[in-house]
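Here chain A shows up in two complexes: once beside chain B, once beside chain C.
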Partner chain A sequence: MAAGSTYTPIATTTANGSVNSITFNSFSGYTDLVLIFLGKVSSGSGDLALRFNSDTGTNYSNTWLNSQSNGSSGRASSASSITLTESSYLDTVRDTLNIMNIMNYSNSNTYKTVLARSNKAPTGYAVEAKVGLWRSTSAITSITLFSTGSNPNFESGSTFTLYGILAA
Partner chain B sequence: MASSRVSKVKGKVLDIPNPPTIGTATAGAESASVAFTAYSGGKGGPTFSYTAKSNPGSFTGTGTTSPVTVSGLTAGTSYTFTVAGVNPTGTGEYSSASNSITALVGTAYESIATVTVGSGGSSTITFTSIPSTYTHLQIRGIARGSRSDQADGIVAQYNSDTGANYSWHEIQGSGSVAGAVGVANATYMGMQDSMAAQTGGASIFGALVIDILDYANTNKYKTQRSLTGNDRNGAGYVNFSSGGWRNTNAITSIDLKALYGTGFAQYTTFALYGIKGA
Partner chain C sequence: MANTYKLIEAKTLTTTTTDITFTSIPQTYTDLKLVYSARSNANTGSEGYDSVFYFNGAQSNRTSKVLRGDGSVTSSNTIDEAATFRLLRAIEPNDYTSSIFCNVEIYIPNYTSSNYKSFSVDSVLENNATATGLSFIAGQWSSTAAITSITVGAINGSLVAYSTFYLYGISNS
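Up next, the complex of A and B:
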């Protein structure tokens, strides 16, 4: 069996308080991507959402499970993004941690699936798991994370870190 | 020119290549990427490939284009690099030395093996001869089952053990309700609804990330956890699961099978990774 070091840091972006979206577009050569967000918004509230290749069409869907009311589940079909958190998860007080696995992102045979988990302490929808789908067989060449709702800016210091994992 | 420095290719005598022009060396994890510009002066023999060599250590890397990666470096040690062209006659003169870099600490996460299902499908995916040199294992993949009507699950068995030596639990979201499942004395470790079905479009695949903890120790039963899911335009499942294998043997092989259907569809891919401990 071949073995090689991977889980490579690709890029880290730290928000400066003046933007409500972050785009990565240079990450070729891996099998999976892992994108980690830790932060909050500077005003109001919103959800964290994901788009690929600047596709704003209704080509996304997702299914989630969270800890609200001892466990709840929901779904969104024909959405214009993969919404990674529900019910104004992003706010101005508590940092949200979101780990997104963007699986087999460069293949041209399958739609693209995202597995994500979110945590926010101490209240609200504190734990959440999500599976999202982008109905496109195109290789993912750009990833945009943005805040939904009133599109509040990401608080200064919020971090977005992208890793690449290469299979043998 | 000495006879040992020439060669004939299709009857033509080749000179050794002239050296390329060194570029920038960039530090990597126990490695370096060495850039250069090919010689274009019109003299010397053709270049078939390039060799980059470290100083100290004389670690080498080869490639046909810039940059060339040199692996095997010691983290924290400073290196410079030179590059030479290579053809059937031999290795040409080395370039001048690059800038100095300090090799970075290597990652604890390594790729071990990958299986991708071909056009005929597959009933079982097996990783064998798993080295015991890591602390934890992770399996990442995308999966599609054979069932035509609904999603399928994936099961794992270790060391070909098909006895009732497993137990597993999961919490799941169906898109409308949250639920939980627990199975004791099972013959496999279950991860329900982690594969997409044939319905909903042939391009839809579920996804999974499975962690197998402390897999090589011989004192403890083994524990697995996973995050899996498949979404078919909103009709899907997402699951957290954990399970135990009541065996103290080191895990040396893993079988992955479909929970209900006959197996995995084309393009299903599972990759096995090892995570080192200190």
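Up next, the complex of A and C:
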């Protein structure tokens, strides 16, 4: 990768404690996307989830591998979003770090996949790798990250940053 | 676009070296990424497949959780270290097939913040033999200090020549 030329910061949002979802909707002209989340919620707990183009249909699925029980794996299909965390769920104490890679997001011939690595440490440590699928050939024009469960707000200071990767 | 994914420093070892340290890390980026390819002169019997990794010279308040596979089984370990901070299966040991060096990528977000520091590690140790290594690691350094230096070494033994280390800075604007 040519340093400084293909890893472009598109937008960054820092939560103020009053919202439970963040949407990016202006990121044309790249090949792939990288989305970095670091933060927690201000009350209760929930998972971090993702939707594309505000699609709330059951068009998502995912498969995960995590560190519970010396390594475990599971899956979900026909879901209404991609759940990005399992045991690394959002809580009020520990930061969850989630690194998402969204490949070929504007391709109008293929369904869209996302590779995600999610971590939380210490106390109730969790390491996870996940692949998510959106069964749509539409170009991704918006990405929404939100909390599930009781939909708690993201804690003030939680950060969401979107980068664009351009094929050389 | 300036300074969005910029090489801060590269190190290539020409001789066997105990450890390497990136010092005086600029405080102008948002995140850091360290990519290294390294090999130890210690055998597996001496835990030659584990590396040490710490910030600001501080070998305390580090914890990590590891999910790993060795080519036949998966396992999970929690590491709370009062002494040298260990990364499980994050360096190629001396008795693995010669000329193979591990590949490790470490992502450190928000490294200048006053919060505790989270980091993520992906590591592979190939061997073209039964014993291999693949690790996903979640780590935390429980310190509010900004990260100004990073040290990598072998848990036992030293790093051998041709090991390479690249530190990148990533800016969100």
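Miscellaneous remarks
Heads up, the rule we're going with is that the second predicted complex is superposed on the first by the 160 of 168 C-alpha atoms of A that agree within 3 Å, B and C clash if a C-alpha of one lies under 4 Å from a C-alpha of the other, contacts with A are read in each partner's own complex, and residues count from 1 in each chain.
Criterion: a residue touches a chain if its C-beta (ideal position, glycine included) is under 8 Å from a C-beta of that chain, and two chains touch if they have at least 3 such contacts.
Predicted model only: the values in this text are computed from it and were never measured.
Superposition of the two structures on chain A leads chain B and chain C into a clash. By the touch criterion defined above, A:95 lies against chain C but remains apart from chain B after alignment on the C-alpha atoms of chain A. Of the two partner chains, neither chain B nor chain C is touched by A:139.
Looking at the shared chain after the overlay, A:36 reaches chain C, while chain B stays out of its contact range. When the two structures are aligned on the shared chain, A:159 is found in touch with chain C, with no touch to chain B.
Of the two partner chains, neither chain B nor chain C is touched by A:19.
Of the two partner chains, chain B and chain C are each touched by A:129. Once chain A of one complex is fitted onto chain A of the other, the partner contacts of A:75 are limited to chain B, with no touch recorded for chain C.
Where the contact sets of chain A with chain B and with chain C meet, they give residues 1, 3-8, 65-66, 71, 117, 129.
Residues of chain A touching chain B in their complex: 1-8, 31-32, 61-66, 71-78, 101, 103-104, 107, 109-111, 113-115, 117, 129-133, 135, 137, 165-168.
Chain C contributes residues 1-7, 30-31, 63-67, 69, 74-76, 78, 80, 107, 109-110, 115-116, 118-120, 122, 136-140, 142, 168, 170-173 to its touches with chain A in the complex. Partner chain C is touched in their complex by these residues of chain A: 1, 3-9, 12, 36, 38, 65-71, 88, 94-95, 97, 99, 117, 119-122, 125-129, 157, 159, 161, 163. Chain B makes touch with chain A in their complex at residues 29-30, 106-114, 129-131, 140-142, 144, 171-180, 201, 203-209, 227-240, 267, 269, 271-274.
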